[in-house]
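Dropping a structure here in structure tokens format, bear with me for questions.
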């Protein structure tokens, strides 16, 4: 079994282990509540991904959830209500309430975006109930895979609001079938693993959760065996490219690589290619 | 049969009915000419979608065409010629002709964009001949479905021009297979319903036109049953997201929701979720 | 057999023939080295596509490679090393080395981008080994097709660097399945023709290279039979659209067509449509 | 005295005259209320500038206000209140009120933007009280001049809101002193003609209103004597340039001029330059 | 004398007082070292502005420095060297060193940007030596004023690097004289208060530091007397406008105000305008 | 007198000398025709600046013109007419003529942009007649200075066209007084050196041409004495900043400096700062 990753033992809502060299595995650990999120959880999640981002012992990250029933059922609405986020109490008028809401959304968005900003590639493994926040979270990951039992929904319209933690911002950029994107976002209807694969929301469907974790681990191990300079540059440039024109992206790439080609990894990779040995790359 | 929607009886080229509560159905009504468009028609179309956009009795719109043979065969070239749009008569030189053409294209583009700007989701149902302007129009809809007999073509290169009413601007953003997009736009070749589905141009193919209208009505009814605040916000944010970076989209979304979370719909939706009743939302 | 295209006989690394009227066929001709590229080759390639871009006898271009084994195995690393590009020799510090690298990457990027900037549509035909630079090159083409034996890989992380000649800038914009894009770019794993077709990287897979060239020639001939004003405008506007918002693209399109509707091709195309004859368009 | 411009006699709130060949003069005509605006007025203003935009008899426009005391004191708050725009009456919750407000702001913004969208150059002449909406309106003009007695203020924070009809969007783009822009927008303090000139908000200050109108007429007459193809292209490209990168602007300019160099004006201008005669340009 | 602002007493490197109702005054407090910055200081600065941003007792902020000689002499290079930031020790190759540098720059940039992100307007008062980081810091403020003795320099090229904490990103956007911007950034030459005023880098020059603080306090007090909803919205929208097209800015503004017009401030402001009383606005 | 710069003796239309160490001086040499440009000249100019860009012996460039009367009177219209650029001869229709024009403009724009793309700072010195192309050229320089006798005009509307070689794209971005920019571009009126200085088009006015060249040489020498890594990075980042948001610019800057801080120049600069000696920087 995977051992706890050094330095990540103190987190309350997530398990962080290391199933393979240079691979971290983050698991949401609130299975009794279908891994529903409340504020403390997303703040902690942001902290974990912030640390993984610069941790030289980590080159690839798997993100999944404990338990058999749900990756996450989304926001824990009951807990949110106790926090009073959506209550107008104490706000003397609509504009002051709106200010409080806006600040709250920014904080929530920033937390979730920590997955995207993590310099190391993140593979998310979804299973069972994967609705609402599940979509926001997974859209921040680099690679999305799921098990056959996954049931997805962009659930927010069902609770009276437009999704505001990232789904509407990222989903149309990562799935190239906008008729489908609009359909699931506007109707909140469920879609299953096969449909998710057919439209390209996930790039792999496995028989069950265990197999999906296994596949993710294999993929993470493969990525972690490559030059971390090359892998982390690839993630950064791909994220930059999503939001910029081709011309701007080419320029950014050239500048990036002008620094990053000054690495021992190129030689190490080439030599090991010739010698058919496994290269060893220094920490990053 | 659906009744005419109040306030939309006077239009000449389109039927506007209401097949279900909060659902409007707009039908192009020139079947004897394969629903080919001339200037009066697109001006009227823009007017209709402009009114639907703010009509509190409408929460979802279906757009299709009367008759069995065609959604639309595109621009009625004969009528266009009579209008003299493409004739250089009366323009004393190339720059003055170009100015007239530019103004004309802007007017035409604006008319078609009214579908996209309509605040309510639009589901387009295509059948039979669906070429030229059919693609421009349907790219403005949120959700595209069709019947098995639909025959599509980005026809413009066949009449000697680059499509200028929106297809080239929107198709590459709603279908994530650019090799295919380029192929059909550069060659004007036909593609059928199955191919349209495979590449993601439409998200559903039905047995025939009747079934497709039925499916669209069902989908529209589902969407119309949700909070209109949530649904219309979702459409607005998704359209914004298509044209902006993730960072800009997140910011816009937060500001949008700072206003829109001040709604009774959130409570209504949550209560009905708990009570398993159908929520009633106020007009918007 | 196709004859050499007039004016293109002097190139050393590429064959340029004309398999059909208005169709040019560019073939990388270094089969004994798996069509691996070195600096002289990409400079020559840029020159060829620069000339084709304005050649009035060319309306569509096919790009493929000689031999049965490879479209290209990518950069000829041995040749690159001899050029000393990646050696820090002679650079007195990291910033001076970085400057040299940056200039080199810009030159390389510009060469490859010549395919995209060519005003005439380019159909790339890939077969066998198609890795590394193969992806950068083909992402610049308008239409990508391949034979069943094609083996693809975004190979760069395997040699210790992030791909910097265009793959990371263009692939996410031409394939709408970002989970897959990230997977193949971060892992350098191989993918075959069927997978390439399923995700939309290529829009057609043929039985073998000969059939693929045949299909490309047919497609190019079809495109070359259309109005060159319409076809070249379509390519230009689609490339503009990829990097701009819908609003900006509509404006650009209207201005473009205000000049381009002043063509004899519209009348020629319409008349031939009525008379069922093949239109003849003047050179462009 | 200037005669009423043909076709513009029926407007209620504005006088439209023609002080010189090809020059139109639009004057806000509500001096008894310090030319304060209400909804009917801005709708009418948009209509006037829409017509001037395509009127072949107009090549330059002057925009000023009747009376000695004010260009405009801004929004007529009393009238606005009667319209109920800011009343939450009838809106069942905050989100529904926000929707009504948003639609209203869009309509107001669109009306004011008609000045910017007018294809002919607009010279605004401000005098006396020029506050609130005065800044929004004048930022849409191409050239701003004023008389010595002009008193300006970005007044909106004084009535409890951020300016939303264009000042905050356009002022920072037309005045290159952001410390000053922030200061006047955040404090609502008054600034006079000299300060407006020093920071570049206006490009000319005249002794009094009559002199300012005279200077504007001279300038408009000069502009109207030039090729309308050249002048209107210059306005369009400058407005495009403000919102786009240099690279995008250069591309747009080239495409624009590819149509617009097909004009008799170039020859007419050059010949008259050689012959020292005044060129005559055809209508546009 | 101003009292310490509640809740800000514990900071080590900065004094935070309240010279007037709703006004905070932040002072860099390291006069013995010419207020040169080291890492702890900018982290603390970010924390202070983060707290002021949401502090309901603060509506405007003044930022200056203790002592007579310097606003700041910039980065404390000695301290930076001890931190080892620029030493390649421990970095096994250029790419790993570059990664460390990049992370460090991001952290430093984020700290300084906290001034810009602070929701309340910030008035910076510069005096004496104001070089290097002084320019980065002040470009983040909304309003820049200085005393006559201020001596400015974009000093970075003198220490062998391009300014990377914001000067090169912000200065060209806040000063509309790019020939001057390039000159001072490329040459590191000094410029004095008068020149800074003439080009628009500062919007006011006062006789000495005391007078400048006085003027800033007056200005801050004026701003703090306005509706905080209006003022903070104005800052947010102006910052958005700087980085977006006019069309995008107008849209954002409308959505912002759809929430923010739901305030009691509009009524309060209007009533006090009529009654000639000083309005009281609720906390924000 | 300045000696010819090594390797630049063979140019026909320009003199290239070296008035000081690391400083190049490019002079347009067609005084008998008021330094009017024809195609061969701008192609040669592009070549010169392309070479200077990578020449390790050059760290700053002065650009001026030979003779007392003119920096340049712009395009040599007679020569242009002989080239037949504006003649429709041989173009079978308007679209084909437009295509030829568009390609021609792109080539011309690219030539002029070589000044902007030159990695070394360029100081342009204007004197006497400086109209039409003079503005396009000088807008590409980093620093603009002139002598008192300079007479400027954005002349293009006087010859019947919108300026298309860069003035309309760059002038509004380098001068922050848009009312003035619009005025001079729409009217083609002359403006003198003092007005150019007042609005910020030039940052220095000298008594006469000789003094201006002297001042430019001094400025260039100063810049050339700084770290070339720092100076060239500053130019690159400032040009990037002009076309990008602050957030994008900060990110690009951090990546740039992650490579560029790996230089010996930082240490050399700091040591010489301490020792009060003149630092020597290695070639770049």
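Letters A, B, C, D, E and F mark the chains in the order given here, with residues in each chain numbered from 1 onward.
Assume a residue touches a chain if its C-beta (ideal position, glycine included) is under 8 Å from a C-beta of that chain, and two chains touch if they have at least 3 such contacts.
The structure displayed is predicted, hence computed values, not measured ones.
Q: Kindly point out which of A-F, B-C or A-E repeats the D-F interface, defined as over half of the contact pairs being the same residue numbers.
A: When the residue numbers line up for over half the pairs, the pair is B-C.
Q: Which is it for copies subunit A and subunit C: same residues on both faces, with over half shared, or different residues?
A: different
Q: Nearest whole angstrom, what separates the Cα centre of subunit B from the Cα centre of subunit E?
A: Once rounded, the distance between the two centres reads 47 Å.
Q: Go ahead and note the Å separation of the Cα centroids belonging to subunit E and subunit F.
A: Taking the average C-alpha coordinate of subunit E and of subunit F, the gap between them is 33 Å.
Q: For subunit C, give me the residues that contact two or more of the other chains.
A: Touching at least two other chains: 94, 97-99, 102, 173, 175-177, 200, 229, 242, 244, 247, 255-256, 258-263, 265.
Q: Write out the stretch or stretches of subunit E touching subunit A in their complex.
A: Touch list, subunit E to subunit A: 54, 92-96, 98-99, 102-103, 229, 232, 259-265, 282-284.
Q: Please name which positions on subunit C make contact with subunit A in the complex.
A: For subunit C paired with subunit A, touching residues are 77, 86, 88, 94, 97-99, 101-102, 105-106, 109, 113, 116, 156-164, 166, 168-170, 172-173, 175-183, 185-189, 199-200, 242-244.
Q: Flag every residue of subunit E that touches subunit B in the complex, lowest number first.
A: Per the stated touch rule, the residues are 240, 244, 248, 251-252, 255-256, 258-259, 262.
Q: Can you list the subunit E residues touching subunit D in their complex?
A: Its residues touching subunit D are 121, 142-145, 173-177, 200-203, 219, 222-223, 226-227, 229-231, 233-238, 241-242, 245-247, 249-250, 253-263, 265-270, 273, 281.
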